[in-house]
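Got a structure for you, questions after.
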Amino acid sequence: MFRFDSALVWLDLAGVFFFAVSGSLLAARKQFDIVGSLLLASIVSLGGGVIRDIIINAGPPVAFSNPAYLVPPLLATFLVYFLFSSVQRYTALLTLFDAGGLALFCITGTLKAISAGLNPVAAILLGVTTAVGGGLLRDITANEVPQLFNPRDLYAIPAFTGAALTTLLWSTGSFNAFTAFAVAFIVFSFRVLAWRRSWHVPLAVRGWQRLGLGNRGDGIG
Amino acid sequence: MFRFDSALVWLDLAGVFFFAVSGSLLAARKQFDIVGSLLLASIVSLGGGVIRDIIINAGPPVAFSNPAYLVPPLLATFLVYFLFSSVQRYTALLTLFDAGGLALFCITGTLKAISAGLNPVAAILLGVTTAVGGGLLRDITANEVPQLFNPRDLYAIPAFTGAALTTLLWSTGSFNAFTAFAVAFIVFSFRVLAWRRSWHVPLAVRGWQRLGLGNRGDGIG
Amino acid sequence: MFRFDSALVWLDLAGVFFFAVSGSLLAARKQFDIVGSLLLASIVSLGGGVIRDIIINAGPPVAFSNPAYLVPPLLATFLVYFLFSSVQRYTALLTLFDAGGLALFCITGTLKAISAGLNPVAAILLGVTTAVGGGLLRDITANEVPQLFNPRDLYAIPAFTGAALTTLLWSTGSFNAFTAFAVAFIVFSFRVLAWRRSWHVPLAVRGWQRLGLGNRGDGIG
């Protein structure tokens, strides 16, 4: 059985850091204080992994058992406090860091599920849950309609692509540092391009497009 | 000890399907895209059961270990996309499907808790949690005040009735396919009648009724 | 190993009661009905402990296995319904009861984590999570920006202080009824004073204070 070894812990910690920065940036925009920044950074960066570990049901979540997981939220809060001063680039920065976290978590979440003995379908599902869970918690906690549901953007599809590729590579024995990097790069690029170019999929109801309601999209926000 | 056997898995899957349709309908009204529809359908239909299985703490939740649980959300998203075009009947349809899920989940949640060895009080509590949990997650995720808290409607009381009846029938050895159907029918009818006729219970504070605040109800929404 | 003995169960139940009253008071202000009051009281008072027990991962949460935990929410709903009639003192009352729950839960959450064998850092983290988790769930469920993120108040810092003091006292062998009372008193006073005197910490971004944005704080609510 596959071991969730130290290289993957580092990958996971990098994902935690990216998501933590996105949490601190949202806290900054919502004018939360520095403690709120740390809390939101912790919720978004550790939340997805805590949900993953609770679902796998193999002892306390790694965020609680390994103190190293507390360093990225502290670092992110510190960096945003001292380095972030321009409001203009806020959305772009948040999206880039969020995409970085997404790219790494769909890989580490899927691998952890496989290493816990889940079947491939469940591994993909848990990879997607890990990747989108933290951002969903971030937006719910900050009382916003989750970015995940923005109809003029793609969020879950890049995560699904990454989780499916990871499962495929793993089951064919071709998962290694190089292919892992390639998957992360694909997911990151896919997510950022989808955001920049407003790629989207059809609305939930076919009829509404015909009625022209699809262009308004004012149900969001 | 009772086995959560295949008949009950089918009952559970039917409940999953009803809640999934309610999720896709809410996604349609909020003009989410088709991926958001699938995600909201999955959250509402699988969320209550995932909470139930995490609380019972006996391995990964069935929604992750049994791929059959992914079929109802996919089917619901597909059906809503192709068949739903009229906006008028939206609320009635959502309430009916939600009531169907509620009626089945308060039974299956309670039985699963009993089969896991929980005491009768805990089994009722977990049955109610399973039944109302998915809808609560749906409304929280879509950034709405949960339907569960609507003071001009009953939601938790039908679920409690179903969970209590199931526990009673089970502990007296008279739970079978016929009584299960009867309980589901009672809960469904109770829920739908409460909605149609605006049955309600007193507000949280006795004093406010005297002050006439109870009629305004503008604290909601 | 430390036993989470009966004295601590009583302390935990007292914390459950305080949080339950805060939930019923919020339900009253939002004009929920009496069932919504019971549900919100249950979510806020039992939610933090359920999260704690799920993370510790040692069987079903105590709120489900011990029916005594259902008494405080029922009692709180009853008391708020019959005794609460004045709207004026609402915020003060809610804050006082919330502070009482916070003071007790940061102690019992930390002790339960220690007794489950978690390391000191994880014990403090779980103590804070237990203490702030219920209130966070309350505000998320009622669709409000969590009080936890109010930049003109301190909420997490008193909880952290209590969890850290408890861990320190426990690891030096000086935790007893007297020191427990002292910790609870310190946390309660710290929280209430921070609220009364609007103590606060810097905002999440240093630059914004320079721009004068820190005084507006209108990103909240």
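Each chain gets a letter, A, B and C, in the order it is written, and its residues are counted from 1.
What we mean here is this: contacts are C-beta pairs under 8 Å (C-beta built on N, C-alpha and C of every residue); 3 or more make two chains touch, one makes a residue touch a chain.
What you see is a predicted model; the values in this text were computed from it and never measured.
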Could you draw the chains as nodes, link the ones that touch, and say if you get a line, ring, star, complete or other? complete
Per the C-alpha fit, the turn needed to bring chain A onto chain C (nearest 5 degrees) is 120
Would you kindly state whether over half or under half of the residue numbers at the chain B/chain C interface are used by both copies, giving same or different? different
Centre-to-centre distance between chain C and chain B (centres being mean Cα positions), rounded to whole Å: 28
If I count partner chains per residue in chain B, which residues reach a count of at least 2? 54, 57, 140, 143
For chain C, which residues are in contact with chain A within the complex? 54-57, 116, 118-119, 121-122, 125-126, 132, 136, 140, 143-146, 148-149, 151, 154-157, 200-208, 213-214, 216-220
Please give the residue numbers of chain A that touch chain C in the complex, ascending. 24, 27-37, 39-40, 50, 54, 57, 59-61, 64-65, 67, 70, 77, 80-82, 84-86, 140-143
